[in-house]
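A, B, C, D and E label the chains in the order they appear, each numbered from 1.
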């Protein structure tokens, strides 16, 4: 069944973004309304698409060189993408609604909603893409939107810098991604997923080439999904408005990397070497981010590192050759992490943009609904049965246990840390006494913000059940294999929770001071040093060379030399007739010699 | 035996003397005389060549006609040249080349 | 005998030529020039160019030299006061002249017929007539040009030397 | 149809008439003499269009063994006539300045001669254009030279003019001596003075040392006339000191006449292989000297002098590449742009001086003059759609087709230098503020002449076919037949 | 029609000098040119190899010189670019204090030079029209420029004059390298005779042409004129020069060097690779270190030339089409960037990053436009630059590739991709330091762009978006032109 529905789903948000930018950017209320309406409409389209598994859509030829290179703008509509569509547009719609409340009085509201809609467009594009180049196109557009949204409050230097950092770090990943695409194209002659599959032997027959290509493609995911070593942009990205953090940096955009890896799983899983690298990258990220999260004071930073850590799980799952487990975790994580961020957003908004958890406290009483929903999110995140996170994390742990015990150990340790830092957050924020005037006077958030919280909380509870998740996903079979794993995992969680509660109950300030963790393993400092000592140094050397050697030395030197030579030649012109006669004589004799005697 | 070479040699020496005079002397009038020497040296060669190219028992008179022209031109040149030198002397009270180098470079 | 005369006149010509450029006094130079030209005229005559020899005397020794002397007197030029000799110019100019002389002699050495005696003249040389005929027939055009040239020179001399033009 | 020899005779008669009227009708304004001269010369110029060319006959005796009337001669006669006409117009504009320089009782003293001597020089140049015998070359060249002796030092109250006159006199006489000596040796080697017969004799086998010696001396003498290095030293001083119209005349007329003679004599000379290398060497030196020494120059007149040397270099490139068409075209282009620039200079120097700062802000003082100078300078520098570019294009074309890559590369690099020093004038005119606010009045006839020259510059730069048609194919053959 | 197109600006320039009302005339001419070129674009017959709208006027038979105009896909694209940017440049001109008519006349003459060069079928006019634009450039920078305008004007003029005369040398060598019978200045005739050029001649000529064109396009290491000139030039001049005129050299390589000298381009491809990497990496680094917006833009335009060279060096259909497309795309984006930079300079009097900041608050529209152009220029999808760069990168990567490892072109492509990262670094840094962050105190009374400026801005952005969404339009237009000359097996 061919239908234009996917096109509508894709283009509606773009249309709204264009409309806002061109016409209604002065009317902030109307703009936000257009945006929300278009995203909800898009969500309904997605739901319809989801209900019709046999749907196809017309495609459009973006670029074609006869027999050499073809890039269509066409859609893949398999189960994976349909699930992802619903997820992305659904959460997107919720966050649009939430933003109505959160950004109510922002002066850049129109711009904000335009960017948000544009983001939806790009994200849906990634999900639908049926080839590498198209995916890359939307991949980059997503990067642009995240740049715009992070830099929404561009007056703040930190926001401006964070926006740049996000974009450039992503570009670094895309650098590898593009080379990977080129290599695949070179080997198979196509960038369209469906055309690559039959040609896959052409690339798998050359293992070194294959591994390189796969790892380069993985680079894209490393950038977008903020894996070590390109994870640095995500925590900084929290400078953006909180709904943005929820939407982009928790539920959807960062998941794009995982989605992409699953989408090209047919390729990735042919290279065991690459898979190992991927798995370890995920593991390292998971552990490292969790460790850092334990020492952060900014509520959004904690959640950001938590996101990193969870993304690490997903990548780990991909690396352990189970796209299903990765997608499952992605699915559940989207709900509870969005929930957590939105909850944090409520807290922040109600406390006049205070983000330091040590300035909060006692919010369980002031903001009860937020407290409840936030707690559900936390429980889901730390993997407390029967919340959704339990099921998906369990699947990954089981997977790791089957494939690599060392990774399993680290994953378990991460689970422990997750419980630790989340409970730390809960205890400090919601219990005890308010530790600032803003915390004392806080009140429950408006309805537009609470509605998404409630909906998301419901999903955070139920999304892990077979009956719900099974409708959307092919569930990983690992979850049923070994029954001791859940017990061990829950044990780790409980242990982490208790440690955190004991440690942070009734504290007024941070009792631990682990500088290494607080300063995020000094990665930012290292990068700053690295950039300063390589790129900036080279840039300065190049600039110096250009200005003084090529320009002054080469160009001006030559022209100066010409000038000088000219001035020297002029010296013949001394004005004295005798000298002229003499030079004339030299000329005569010289030319005669030249002509006769040589 | 006197050959063409003798005359040419004599002419060459005279020419070189004139040439040297132009380059070495600083009095414009004497430079001018040296130029006359050069012209006359050329005429001498010409006449010698004319004498050596005998056709039907006569020297080649074309060359002698040319010499006639040379002498005429030289005379006219001397007249104009001396007029200029006079004018210069009136203006600057000098005939010395080193004194007339207002324009240079 | 011929040879002797040739060397004599050559020496006169070259010797006084050198005297022209060596003399410090313009008047002496001019007189030396006359003598040199007389020697030259004799050489012309020795080459059977009587007409040329004659007008050499008439034009050069007669007209041109008078002009020179007249101007020198008019300007009341005396012997140059001694100026410091520019030895670089002196050496350079001398060397150049010598080099030129060497080059010319090299060319003379390689000239066909330079070492042969002059062919004899079999017809009586009536050169005034022959030259005159050539001038007015074949060389008519250059002759006319020379006429214009002299006219221009006349105007030029007037305009350049008259004290006040009207 | 008129017989060709009457062209020069008419010019000479015109000159006589002007001189006589000047001498006896003392109370008419001298300007009318100039107008009469212009009208007369224009009539003669028109007459050239009704004169049939005559092929050169190498066996001719008498008149036709001295005089050629081939297309080459015809076009150079026209060049001489046009140059003279424009120069006389310049002299009209220059008259107020000249009156200061000429020592006379009235403000118009000497102007009659100033108008008439160029006419005789013009006749000399026309004869040079036709001269195919060394005797004829010598006498016509001397006619031109002597006219220039007079013209250069004409404004004799101005001591620079006299200084220029003396320098020109001595060095030119030196080159005359060399010319005569060279002709002597050519005669000695061949027994001939007619170019065609000399050429036949040169192409015979044997030792050509004597002929080569003569050729080198003649090339040196002509090189002096066309301002080729290393015999160019007189150029800047004489150009600067001479009255500006005379400078223009010298730099166009005298040079063009020298070039046509050079074109005619190199045909036989190039039978000797050393001559070509010699000319290439001269071209190298000339290009380098002219262009480089011009760079630091701030006196516009001197700058144009150096530029004149530089252009000789380009013409020599065309010459050694045996491209008569390129040479002639370049000369025509050079005529237009040089006369135009000197004409502007004349008007500017009356209201200030001839230095670069006197050109400052010319675009405000007289937009028309600035524009004319812009066109002239663009053409001199070689900007497309001007005659100068078309000329350079053909020069490089010729050079490359004869594999003179070295010359071509040097030519290209020096063109870039040229952009520098020519655009200095543009900069002064357009960027800088004027030192004096005084506007410059342009007489109507001057404006007309300038407009004609500007139009010509563009016309030749876009549609050069007319010039080629008047040359081809015989000239090209005549010049290239040697190879 | 082409004649009309080429002579409209010339006629308008003459009218301006004769005293026609300045802005009206110039704008009218620009609009007329734009409409004409749109008409040419829309009536152009695709998929026919060969030239449309050919008209020939013989000028000099001895020189084989004709004034011949005609367009193929490549020229149509460039003509469209020229008229678009001209319109924008004229529109963006405002408040010229001195000699207003001359300013417009100079702009139009530059435009005429570019149009003439792109539409000429004759080597002579191809060359001459381009060089014609040199004087107006000199005057524009010298009279109306800012900063050290004198030095900059000198440098660009002398440098470009040298380059173009070297080019002239190469063109003459080229035209003389074909046998006498086929000798012609007509590009069509030469293309037909291309196979008769001996290989060693091809190598020499290609090198000369590469240096000549390279200087004009600011190929490393002949690039130092560009940033200085663009920094000093008034914005419309910089727009026209960087956006359009500079493309002449690349156009020449595609039009002349590539079809006529395949052996030459093969022989020198490694040299070209090194030089173009100099453009991308080295100049990219230099760009990062810039401290002024105008210098940064100047260097960035130099850097992006490297990608176009890369496409040309690839000598396959994908790469060369990409190069042509990128010429267009870069022209649009850099014109917009210079336009906005010029407006900023007009208002703040400085382009030093340290003195700017927070302009987005005062000039939101300018910030938006600059942002769009900046992202377009660093190759964000949706803009023409991206599609073009994709083609360039894919084409270059494919050149001489096999599965055994990376060869010169693959390594170059990878480094060029690294250049994409570099360009993001400097462009975003510049954007942040200009428009974001805290506003500098001295910029209290800034006003945003005039409303009327939306017309040219919209035109430019719309065109780059159109080609960005459908880069196949480039392929459709350009590849039939290039295909016959590429001698490549259809894989």
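FYI, a contact is a pair of C-beta atoms (placed from the backbone, for glycine too) under 8 Å apart; a residue touches a chain by one contact, two chains touch by 3 or more.
These figures come from a predicted structure and were not determined experimentally.
Student: Just tell me the minimum hop count from chain B to chain D, counting one hop per pair of touching chains.
Tutor: Graph distance in the chain contact network comes out at 1.
Student: Among the chains here, which has the CA centroid at the largest distance from chain B's centroid?
Tutor: Chain centre farthest from chain B's centre: A.
Student: With chain centres defined as mean CA positions, report which chain is farthest from chain C.
Tutor: Between chain C and the rest, the longest centre separation is with A.
Student: For this structure, which two chains share the highest number of contact pairs?
Tutor: Max contact pairs: B-C.
Student: Going by C-alpha centres, which chain would you call the most central?
Tutor: Of the chains present, the most centrally placed is E.
Student: Just how far, in Å, is the C-alpha centre of chain C from the one of chain B?
Tutor: 5
Student: Which integer distance in Å separates the CA centroid of chain A from that of chain C?
Tutor: 101
Student: Can you give the whole-Å distance between the Cα centres of chain D and chain E?
Tutor: Using C-alpha averages as centres, the distance is 42 Å.
Student: Measuring centre to centre with CA averages, how many angstrom lie between chain A and chain B?
Tutor: 96
Student: Residues of chain D that touch two or more other chains: which are they?
Tutor: 135, 138-139, 142, 146, 149-150, 153, 156, 166-167, 170, 174, 178, 185, 188, 209, 213, 236-237, 420
Student: Counting only residues that touch at least 2 other chains, which ones in chain E make the list?
Tutor: Where chain E meets two or more other chains at a single residue, that happens at 158.
Student: Could you list which residues of chain A touch at least two other chains?
Tutor: Residues 559, 570, 573, 575, 577-578, 581-582, 585-586, 588, 592, 596 of chain A touch two or more partner chains.
Student: Touching pairs of chains, all of them, please.
Tutor: Touching chain pairs, listed by label, are A-B, A-C, A-D, A-E, B-C, B-D, C-D, D-E.
Student: Quick check on the complex: what are the chain A residues that touch chain B?
Tutor: Checking each residue of chain A against chain B gives 570-571, 573-578, 581-582, 585.
Student: How about chain D: which of its residues touch chain E in the complex?
Tutor: So the residues of chain D in touch with chain E come to 325, 363, 371, 374, 378, 381-385, 389, 393-394, 396-397, 400-401, 408-409, 412-413, 415-416, 419-420, 423, 426-427, 430-431, 462-465, 468, 472.
Student: Within their complex, state which residues of chain A touch chain C.
Tutor: Chain A reaches chain C through residues 578-579, 582, 585-586, 588-589, 592-593, 596-597.
Student: Across the complex, what residues on chain B touch chain C?
Tutor: Residue positions touching the partner: 1-10, 12-21, 23-27, 29-30, 32-34, 36-37, 40, 43-44, 47-48, 50-52, 54, 56-59, 61-62, 64-65, 67-69, 71-80, 82-87, 89, 95-96, 98.
Student: In the complex formed with chain A, which residues of chain C make contact?
Tutor: Within the complex, chain C contacts chain A at residues 86, 89, 92-93, 96-97, 99-100, 103, 106-107.
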